[in-house]
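The two complexes that follow have subunit A in common; it is paired with subunit B in the first and with subunit C in the second.
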Partner chain A sequence: MTGSTWQVTFKVYRQRTGEKPSHQSYSLDVDPDEYILDAVERIWAFHDRTLTYRHACHHSTCGACGMRVNGREKLTCITTIRSVTRNGGTVRIDPLRNFPVISDLVVDMGNFFLRMEKSGFDSVVPLDKANLPYESTITRVSEHKHEAERLADCIECGLCISACPAANTDHEYIGPAVLASIHLMYTQSPSQALIDQADHHTGLWRCHSAYECTQVCPSGVDPAWRIMDMRKKIIGNRIKSIFTRPNEDKKNA
Partner chain B sequence: MPNQPEAKNWPRWFDPRSRSLGTFGFILNRITALALTLYLILHLIALGQLAQGPAAYDGFIALVKNPLFKLGELLVIAAGVIHGLNGIRIALNSFGIGVRRQRSMFVILMALAVLCIAFFGWKMFMEG
Partner chain C sequence: MINSKPTAIIIGAGFTGCALAYDLAQRGFDVTVVERGELASGTSGRTHGLLHSGARYCVTDPEAAVECIQENIILRRIAKQCIEFNGGYFVALDDADLAYAPAFFSQAQVCGIPVEEIGVKHALEAEPALSRQILAAYEVPDGAFDPLRLAMAFAASATQLGARFHTFHDVTGFLQDGKGKINGVRVTDRHADHSWEFNADITINATGAWAGVVAEIAGLSVPVQPTPGVMVAYEKRVTDRVINRLCEPDDGDILLPQRRMAVIGTTSFEVQDADYIPVTPDQVQQMHERAALLVPELKNVKMRGAYMSARPLIGGMMSGRSLSRTFKCYDHLANDSVDGLVTVTGGKATTCRVMAEKTADLVCQKLGWHRTCETAELPLVDYHLYYQTREVLA
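What follows is the complex of A and B.
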């Protein structure tokens, strides 16, 4: 905290069932090093108790507080006010795109969570498999007798789906987070069932390479890289199958 | 409920606000694809003039020698070059090549596209 005070106007999206959406303005004196979520909470506590929003951990682990800040998908618990505006400026806060709005800043992520569950996503995976191949693997702590595990990066915040232009027009598209999850599971334990979940027109092939998912991901999951790597694997398998006789397939099986 | 993914949201594809370089590539590919499709239709209509005899065709050729049509032709070349080079980037990425370097690839290929367009522009307007 700097101890300085900025006056900032927050234009917050408001939406009630059956009503037209609008933006409501709240002027607040804030410390510029506070987070956007702090300001939203203060609006709720001191200005308008009807404002609804989601939050939990306040340290970018739960993924609940994803919103659009000045049009860009952000995890509001780690986005400082200083990084998005200036003294006397305005901050516009909207719900995530591509999820139905339940109320104000709260969106329905039920369908997304079901798809993540279907992919068999493990939030905890062995350490050497939690990293992306181009990252250096975190060294295991030798005094641990048990196999080391850590949280897999995806916090299921939905920012990638909100930012994805392909998800904007196709509600059947399973989206970057789910595809990244399928890739993670496939690299641990390859199976045809996982390929079947991804290899269709509303899966891997719906992605149009805008790379917004990777840009907005607050956890470094790099969904775009995972989608392209999964494509590479599937294309490779198809090319191999051209040169493999059906009998050899049976023998190998 | 509002805010759901719907086909009618397609105009948002062309909104570059608060977007990164990848979306600019995405938008460019869509605009150039639409432009090339429109050109293909016009091209087929022009070829249809052949069926109406040499006089009609000669008249049409005289019309397209107008500088405005030349500018249109340059725009077609620009669309083809941009779409083609951007398509190469996307195809390479889909084979897992250069995914981590896609931004640099986009900048380099679009710089190459600008050079190509400038070259053809020079040829068409200064020498042609």
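What follows is the complex of A and C.
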């Protein structure tokens, strides 16, 4: 926060349930180091009480405030105004793609959350499994009374699904976040059930490696890497099974 | 005395409203929740996220401390799915902090909080990012939670028992029978700009810092003072335990780990309108300085976010910080001769379940419905299931 003031026009997507969408402009004096979500909240508080949007934690732990800012998926609570426009500029704000719009900037996260539940996504993970496998693991906690743990990286914000070109053409595709969740759960405790959830044409094999998910992820999940790694694991299993006699296969299963 | 299933409307889907929906649904109520925004989009979502051991209040507010440790143990049992529980330290940075230590240690024990002096060397080994200046360290059972998912877990458990949540529904009026009884609410569905009415045997105003504003719609007043504080989140998780400064509750005295972040808080000042509270650069700077006292490397870690959350403190006369953090339920029949409306406000995130329990007790007593609370034992259902039974929107 610098205390300086910019004048910025926010062009906001508006849509009542069942009606046609349009964009409405609001000109605001803002501190460029404030966040996009602050501006949206200010529009609601002082200019237009009919505006609907989702938000909760305001510091990137809950994932509720995902929107498209100038066409790009952003977690608006940690996106500064300075990072997307200039003094006198315009910022376009749209709801996430690939989710049904309920009204204005509010999308329906229902199917996505139920898919995450089905994948067995656990929001709390042991500390030594919490980071990406290719990151150095932080083992800071010594002589701890409990197994150290932390909240998982995925905040279920849906940005990756909004940015994904495959999700845009196939609504049956379970999408990057769910596949990343399956991978995270698989690295903790491998199972055929998890493989079955991912190993089909609306799962792992629908992804065509655009890597948009990893580009927009605000939380360090790297869904694209997880998808590729999960493919490797599954192909590895298949190759292994070719060189394993069926009875041995049973023994090892 | 009611023989058929009683009906309840809860206004507000923050921690209190969600926990109350679960409690009343478990006691056999037909529950409808109306909330003007998303779940936990007011104070609850923006809370610091500290699962209090109670030690923060053991000297200044033992009543709140006892409530905190009891609820801390219960939430770790029922809401494990949204809590990272690695404990917390209280660390002394100067002689004044050291002088506070004996009272802290004995009062924590009096309040039933497991507390242990662990020695500076041990603390620095376990949490190497801590300031080398620390003079003493005590361990307590603090944790960190995910605010939205905690609210969702209560809401999901409520919906599994038949409760209905209508988010983005603004209360515009109370239905009154002309004889001093409130029979429900008039709401506007903000998605479709459509108005409708809900009838119920009892309406509960669970809007926290907004309880006064909502009561005013019915011409009533509730002495709640919105008292915001600032939080600053950093790009790096610098400790695994919660780090508290060993002193009386003060500005910027709690540094919390959460996911890959560290979050410092908070301040305390009063506002009239809690709808929009700007984050001021001077408060952010103050937090930055306080955070660096506990963990010096934060001086050079990028800030990720800064935000305000408005506590609902009870009573307007005394200054915010000195008030008890415990909550109050008001039966407006006793206070204002208006039947059918109860207000619950105050409290802390850590104590939301017991706030709901006491409020549900009052509601049951009012309606002559003899069912007891069962929310302390069973784990909450998976928070994702909030979406399973909710009304499918167009």
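Throughout what follows, the second predicted complex is superposed on the first by the 251 of 253 C-alpha atoms of A that agree within 3 Å, B and C clash if a C-alpha of one lies under 4 Å from a C-alpha of the other, contacts with A are read in each partner's own complex, and residues count from 1 in each chain.
Everything below uses one rule, namely that contacts are C-beta pairs under 8 Å (C-beta built on N, C-alpha and C of every residue); 3 or more make two chains touch, one makes a residue touch a chain.
What you are looking at is a predicted structure, and each value in this text was computed from that prediction instead of being measured.
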Which superposed partner A:Asp38 touches (first subunit B, second subunit C, both, neither): second
Broader residue contact with subunit A after superposition on the shared chain, subunit B or subunit C: C
Touching partner for A:Glu135 - first (subunit B), second (subunit C), both, neither: neither
Contacts of A:Asp108 with subunit B and subunit C, given as first, second, both or neither: both
Which of subunit B and subunit C A:Val124 touches, first, second, both or neither: second
Which of subunit B and subunit C A:Arg231 touches, first, second, both or neither: first
First, second, both or neither for A:Ala167, with subunit B first and subunit C second: first
Touched partner set for A:Asp48, first subunit B, second subunit C, both or neither: neither
Common interface positions of subunit A, toward subunit B and toward subunit C: 102, 108
Sites on subunit A touched by subunit B in the complex: 15, 21, 68, 70-72, 95, 97-102, 107-108, 134, 165, 167-171, 173, 208-212, 215, 224-225, 228-229, 231-232, 235
Complex contact set, residues of subunit C against subunit A: 37-41, 44-46, 49, 80-87, 122, 125-128, 144, 146-149, 151, 168, 190-193, 231, 233, 237, 239-240, 257-261, 263, 275-276, 278-281, 284, 304-307, 382-388, 390, 392-394
Residues on subunit B engaged by subunit A in the complex (per definition of touch): 1-7, 9-10, 12-13, 17-23, 25-26, 29, 89-90, 93-96, 99-100, 102-103
Subunit A residues within the subunit C interface of the complex: 1-3, 16-18, 34-35, 38, 41-42, 45-46, 50, 52, 54-64, 77-78, 102-103, 106, 108-111, 113-114, 116-117, 121-124, 127, 138, 140-146, 148-153, 155, 219-220
